[in-house]
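You will see chain A twice below: alongside chain B first, and alongside chain C after that.
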Partner chain A sequence: MSLWVDKHRPTSLHKLDFHKEQAAHLKKLVQGGDFPHLLVYGPSGAGKKTRIMCLLREMYGSGVEKLRIEQHTFTTPSNKKIEISTISSNYHIEVNPSDVGNQDRVVIQELIKTVAQVNQLETSTQKDFKVVILTEVDRLTKDAQHALRRTMEKYMATCRLILCCNSTSKVIPAIRSRCLGVRVPAPSIEEVCQVLQNICKKESLNLPTELARRIAEKSNRNLRRAILMCEACRVQQQNFTVDQEVTEPDWELYLKETAQLIAQQQSPKRLLEVRGRLYELLTHCIPPDVIIKGLLQELISNCDGQLKTEVVQTAAYYEHRLQMGQKAIYHLEAFVAKFMAIYKRFLEEGIADLF
Partner chain B sequence: MDLYSEYDKVGKHAKSTRLLPVSVEQMKDELETERQNRLLEEATNLTQQMRRNLDDGDLSDDDVTMETHEETSESKKLLWVEKYAPFKYTDLLSEESINRTLLHWIKLWDFVVFGKDMPIKTKEKKKPVKEVKKKKNQIEVLDELDKLNRPKQTLVLLNGPPGLGKTTLAHTVAKHAGYNVVEINASDDRSAEVFKNKIEAATQMKAVMGAEPRPNCLIIDEIDGAPQPAINMLINLTKKIEEQATKKKKKDGGVLLRPIICICNDQYVPALRQLRQSALIMNFPPTEPARLAARLYEVIKQEHMKSDMTTLLALCEKTDNDIRSCLNTLQFIQRKCKELTVKMVQHVTVGQKDTNKSLFSLWYEIFSLPRAKKNKFITIQDIKNNEVQVNNQSLPARFNNILHSTYAAGEYDRVIQGLFENYCECKYKDPKMDGLNFAMDWLTFVDSVNQYTMHIQDYSLMGYVPYIAVTFHLLFAANQPPRIQYPHSQYEALTKHNKFTNLISSLMSDMSPSVRKYLNTASMTMEVLPPLMDIIQPNFRPVNTQLYSTREKEEMAQLIRIMIAYNMTYHQEKTIDGQFSYVLDPHVDEVVRFTGMKQHKQLTYAAKQLVAREIEMEKMRRNDKNFTSSSTPAKKVDNKSNADEKKAPVIPNHKQKLQAISLNPDQMVQKDFFGRIIKQKPQDSQNSTQKEEKKKNVLNTDIWFHFKGGFSNAVRRNVRVQDLI
Partner chain C sequence: MMKNKITEYRINSLSFTIYIKIIIFRNSIMQAFLTGKSGLTKTKDKPTSKEPTRERSKHVPWVEKYRPKCVDDVAYLVLIPFQQTKIRPKCVDDVAYQDEVVAVLKKSLQNADLPNLLFYGPPGTGKTSTILAASRELFGDMYKDRVLELNASDERGIDVVREKVKKFAQLTASGIRPDGKPCPPFKIVILDEADSMTKPAQAALRRTMEKQSRTTRFCLICNYVSRIIEPITSRCAKFRFKPLAEDILSKRLHEICGKENIKCDDEAIHGLMYTSEGDLRKAITYLQSAARLKGEEEINKHDIYEIAGVIHEEVIDKLIEVCNTDSYEKLEQEIKVAMMEGHSGMQVITQLHDKLVEMESLTDKQKSVIMEKLAVVDKCLIDGADEYLQLMSLFTTMMQQICHGEK
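Showing the complex of A and B:
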């Protein structure tokens, strides 16, 4: 409750710190007491969820903040029982259908039906629709997405959907066209700094601008991370100093080390070593696409201009295959091996040019 | 005239429709000719055979020829495999050492089975050979026999590829040692219950009937296909009895006192894992080709076929020294013609055994270049005609070999894992790492094929998966393959991953909803937990909490709040070296930390203890507060939020009255049952207005609705609406 992230989270649209214009738009949108289905997308830590909750509060008042966790059980057509937990208030229900993996279609069908088939009792004081928030829509299977699109139209009278995802590329066009897209871009470095400064002011601390900037840069413009890092810094040392160390997450450092290993030596033996480290990353629940992206970012700094495009292209290629396959380790290793080959060729050509 | 001709036609037609299509006379004639033909044929056959026998000159005795002739006519029905199976110990084709070990082992049982307490059986020990063996036994009794004078290893597990004569060996040896053989094989019902009955029947009873009642020897054939419970039962039988034996010695009931021989093709079947520890395992080496060929030569001589040793050796090689297969092939050829040539051997399709090679041998095959196998049995014509693709080192041959082995192995997933884990250890020349990339491309391709087949449930693409083995073979095969290791890292990674995801989900499941709402698993592991681990390790002075400054107290309270919100606490655990330590519960620390990275600061033991206690206290306090807040009467109804919404002066809840909403018939459009609008006649309007006035009067009277809040005062409790919402 009292992590800074949670404590200083804005609760109404007009208190939002950045993208104020968009906040104003949203406010206007719900002023009529109604809104279309929404598809909120943007990178992690940009404030999508915060914005959605502000929106709901604007709509329903503080009642939406009384939350409870419920467990729902559904039976699939093959008589398998699946359980999923939802967070709900009297006015909305939030669910992450991809928690149940392949069976997400059942959750979509059943849950939304049960929610949407019940009319609100008293329409004079309440809105006559409920809100269903679906998170991580980009991880939904195609089946579930197809199941969703008719449901969206059918129950329009009694329920509104707010879909939340990182990228729309994996959401089928049929759903995208049924929703009003709301893009929440990551805050700029300046905005992150500003937010950090505000929080520190509220906590009656003095945050040096340089440190704020460093934290903002290290957080990759992810506000949640920035605030948490800032608080971690505070715990380390009572008063901030300019040259304070900002601890990065272990996995990022580990990933960077791995990238260095790859750049240092290109041989099957090294590949084996790297594989061990990739396994380690995967087991620590780091998604493979994040790994490939992190590796690419580190490796590309070692490359010359022309090489860069080639490496990026291979990374894209293997990332694509990764999404199509099921065993991430093969694809990650394939990328590493490919990079090793490219880089080795490049180095050898460089040596040949010298003579 | 026309009429007559017509009649004739009809008559003919009627005549031709008899019961039989052919007349009886005709049939008789046919039979006669057939019989004559058969007689002629037999006569010619006879003369031919006689002539051949004379040619061979082996069997000059007329009696013998006659005998063999009789035999052939009757034994044509017999398979050669059975006909020429060895009956005596000395006839056995398998390796001498194996035979002897098995015989030795079975002789070790003599003391128990034929020993002193069974004086009737002494007759059987008349043979001088046995006496000698017996003496040998008694010499070895000291170290080899257990308390019940049984051999230490109560079971023998014969293990080897099919067709080497394992079953035959077991039978022959058992008979040789004077046992009555009882066999259980895959054709029998082998559910645990039936199996037990059978074993007990076989080991504890003996035939009373018959001239020479002999003790039983149990042979369990094809044990690798038996179900696990049955095998467990067998193991229990051998083990349990040992315990019993210590208590009541020499009590016969339920004690295993008969030898049991188990036979299998693959000793590494999971079901046999337990059995292998207690059994004497004997691996069957392949039969020597020369010995086999010699025996085959004897056989074909008896069957009057012409051939030479080279041909037979070629046959042996083709069948991988499989005795059964050799004999079957010979018998098959014999039916066609009487001469066996090298060419025939090369062209005959010996049933290619779908041998289930172990995964290890498959991986070995993939990673090693095939040994140059000199093919001795090519005739000059073959080479001229370019017919034979015998060289197993040629590219197509290697391709086919590997492909076939992979197909046969099945379990593509496991095979590929093995390839993936072992290929990096290979020694091969690949300076540009192109081969490596090629292999990786194949791996990724196969992975996407697998994903596709699993997802769409369309298995037509599955056939392309084994080609990856060929690719790996062609890329990485070497004369000295690496030591192949069983792939387990993927499984390990999976279990570890599962463990971590479970940790995270258990953490998430009990978080307070207002915190959890903003998080998902990915952001939790990547963004929140790493800094959070640092945040919950503030510096505490190692002094009593009473001495903390207000700031420190506030910090402490903050920490407690955070940990409760994120559903974390410390709990005591005993480490391996017996010391107590406090660890995070759930132990998400593991998820965030990587081995070999910078050590992070940890709270001291005392601090953790303190925190754990404080968390407990705080939780109790909160529960208490919740309870009291709901039990004390609400003094002030929180109307602020309502006021925000409505922006109108609101009467407090308890003063509100329920009001019926007045109906205005003018505004209402009356509809009939079908939804059609009913037009009201104008003259009714007066009436209706009068009625309406009446209604309004009713509504204006003060009517109070009062609801009883509870059944009795004893359980009545004030519940605030706020608590319900």
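Showing the complex of A and C:
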């Protein structure tokens, strides 16, 4: 049994539930049997990958769904062997180059060249190009992105690239200017509700509108998350009820508790406690930037006007340092300590004003 | 006359032997055989060669398709601003260098000699086009043997410079083509995107450049000349390429529209020029993308903006408006919505900057505080910091300045 997320994933462009106008445009794009390089961007859970797969299916037929996993080995100029796994069909190959860290340039150079230099044997029945899908392009190093530049133009005849990322800010302009940008906005709350209703109908379940709405709001307009939550609800109880509790991921609750601890008391002892909790979160593979954002969200509600600005500035400052630095815990703890300092000063000033 | 006959016979689908026999009747054997053969290959080639090219042409990016084929084409691109500035003589000196590139290249085409070249300038101004066109004109069909093109997608560490480039540079080049015609007695190494080469790799080039100057010319192309080490720059003739003027962009775009049969109104062309910022490659790519996306329909301004990722004015206006309300919650809500829509933080900043400069409700002091923050945020975004937090930090600063800042 597969998850609902995969089971009910639309497989063709006309079955997509939202952004229909864009789907029509995409359909027109591939009608001629060809498309330029694409740069698909949008927040997570908006349906970027779904759209890409739909697009490929439209082009190549159902053959793209026969997937296989391959292991590739490349040797870097410094004779270091790196391995990367790819998912491919006869027509496309999907790879996440940032898996190999800062050796991603080698992967880009070698992989795309091998794919691109192989011509299709029979051009009359097959398309004469293959598709390479690169995911998480925004996490590629600058080196790798530079390596992409000319490759994109040079192998245009035998190879098309579909780049997939969350934000174009981290993609160098030279690449952006070579691609057709496709923006996939997150679905609105109503659209998420609608999709949930449709899925439940297909599963012959009755989903109360209110519950659907609550799930949609909790999901933060992330469709994948909404569907997972919905399925979790279903596992809890065979039939949906209106006042059913929507379970949030436990790490979010844990994060909220942590924030409350910080707000309650500002002392070195508490900081030590918080550090333990932060480590706990990090060891569960919660990305540090998500932790900072989550903490900020909770902490900010305890502050008023002027202070809010200051706290946001601090959060932005430490998050930047976190990206530049190596170890996340230093920066997370620095943020917590700084917040405690600011908050304590604010509280003491408040008390001083009273007398 | 002869050819007519041949095709006529071919249409009648006579076998090859019969058809030769008939020709033998009319002409001497040898001649008939030769012409007959050429006639045959010609007719045979036509259908096969034509179809693939038509199909291929679809896949070719227009950037490649409309790359200038000879130096004169580039000259037209680059020379026009020179002539125009003659009317506005205050900046002739500004543009004269672009004329220089073409002048040097043209001269070298006549004399068949070339200095080491270093082209630099913003993307999409014709640097690669220029050298490709020049070397094609110099070498003709020997182009492949005489030109080594390396760019950032190729491995270009110090090893490659030592091995590949050096080996290539050491080959001798004769001044005579295989068919007896004279040609320039040197080879060209084109190092595209040279600013992404490492310093040691550049240093390894130094001696090679001098030693092999008899047989090899180097052409380095880069965006930032400051990233090329001094010893290299001093060995090359430097040429700066300037962003293309609007009228050239529009002329070129109109030309392509005409050739590709695209319906595109003037506003859309204007939009293209605005979004591309003088980068011809960007403009052409956007145009092609728009044409593919819209099919037969007419392209309008909004399509271009959507493709270029330009954010609607309303979104930016709304963000500024929210800053005036001095409400953190509202601001947070608005920014979240903007992020959910998938807008890029970089783009928000760029467009916000344009707006801020023109805003009259702010004093210079307020503006300067906001601008300083904007610069910090820009740097952070490039470093890969989280967009939401950075934008929040920028907009809260702005809110602070608007509502509580010193006038």
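Here, the second predicted complex is superposed on the first by the 354 of 355 C-alpha atoms of A that agree within 3 Å, B and C clash if a C-alpha of one lies under 4 Å from a C-alpha of the other, contacts with A are read in each partner's own complex, and residues count from 1 in each chain.
One rule holds for everything that comes next: contacts are C-beta pairs under 8 Å (C-beta built on N, C-alpha and C of every residue); 3 or more make two chains touch, one makes a residue touch a chain.
No experiment lies behind these values; they were computed from the predicted model shown.
Peer 1: Taking the superposition as given, does A:149 touch the first partner, chain B, the second, chain C, both, or neither?
Peer 2: second
Peer 1: Tell me the contact category for A:66 with respect to chain B and chain C: first, second, both or neither.
Peer 2: A:66 contacts chain B only, not chain C.
Peer 1: Does the superposition put A:300 against chain B (first), chain C (second), both, or neither?
Peer 2: The answer is second: A:300 touches chain C but not chain B.
Peer 1: On the A-aligned overlay, A:284 touches which partner chain: chain B = first, chain C = second, or both, or neither?
Peer 2: first
Peer 1: Quick one: classify A:344 as touching chain B (first), chain C (second), both or neither.
Peer 2: The answer is first: A:344 touches chain B but not chain C.
Peer 1: Identify the partner contact of A:324: answer first if only chain B is touched, second if only chain C is, both if each is, neither if none is.
Peer 2: both
Peer 1: Considering only the touch criterion stated at the top, classify A:101 as touching first (chain B), second (chain C), both, or neither.
Peer 2: A:101: touches no partner chain.
Peer 1: Where on chain A do the contacts from chain B and from chain C line up?
Peer 2: On chain A, the overlap between the chain B and chain C contacts is residues 324.
Peer 1: Quick check: in the complex, which residue numbers of chain B touch chain A?
Peer 2: Chain B reaches chain A through residues 420, 423-426, 430, 432-434, 436-437, 440-441, 443-444, 447-448, 450-452, 454, 489-490, 493, 496-497, 500-501, 504, 509, 512-518, 520-523, 525-528, 530-532, 534-535, 537-539, 558, 561-562, 564-566, 591-595, 597-598, 641-642, 644-646, 725.
Peer 1: In their complex, what parts of chain C are in touch with chain A?
Peer 2: 52, 55-56, 58-61, 63-64, 123-124, 151-155, 157, 159, 192-193, 196, 276, 279, 281-282, 285, 288-289, 292-295, 306-309, 326, 328, 339-347, 377, 380-390, 392-393, 396-397, 399-400, 404
Peer 1: Which residues of chain A touch chain C in their complex?
Peer 2: 25, 28-29, 31-32, 34-36, 41-43, 46, 77, 108-109, 123, 128-129, 138, 143, 146-151, 153-154, 156-157, 167-170, 173-174, 176-181, 183-186, 221, 289, 292-293, 296, 300, 305-306, 308-309, 312-313, 315-317, 319-320, 323-324
Peer 1: Residue numbers of chain A touching chain B in their complex, please.
Peer 2: Spelled out, the residues of chain A in touch with chain B are 1-3, 5-6, 9, 44-45, 49-50, 53, 61-63, 65-69, 85, 87, 90, 94, 96, 125, 135-136, 222, 224-225, 228-229, 231-232, 235-236, 247-251, 253-254, 266, 268-269, 271-272, 275-276, 279-280, 282-287, 290, 318, 321, 324-327, 329-331, 333-334, 337-338, 340-341, 344-345.
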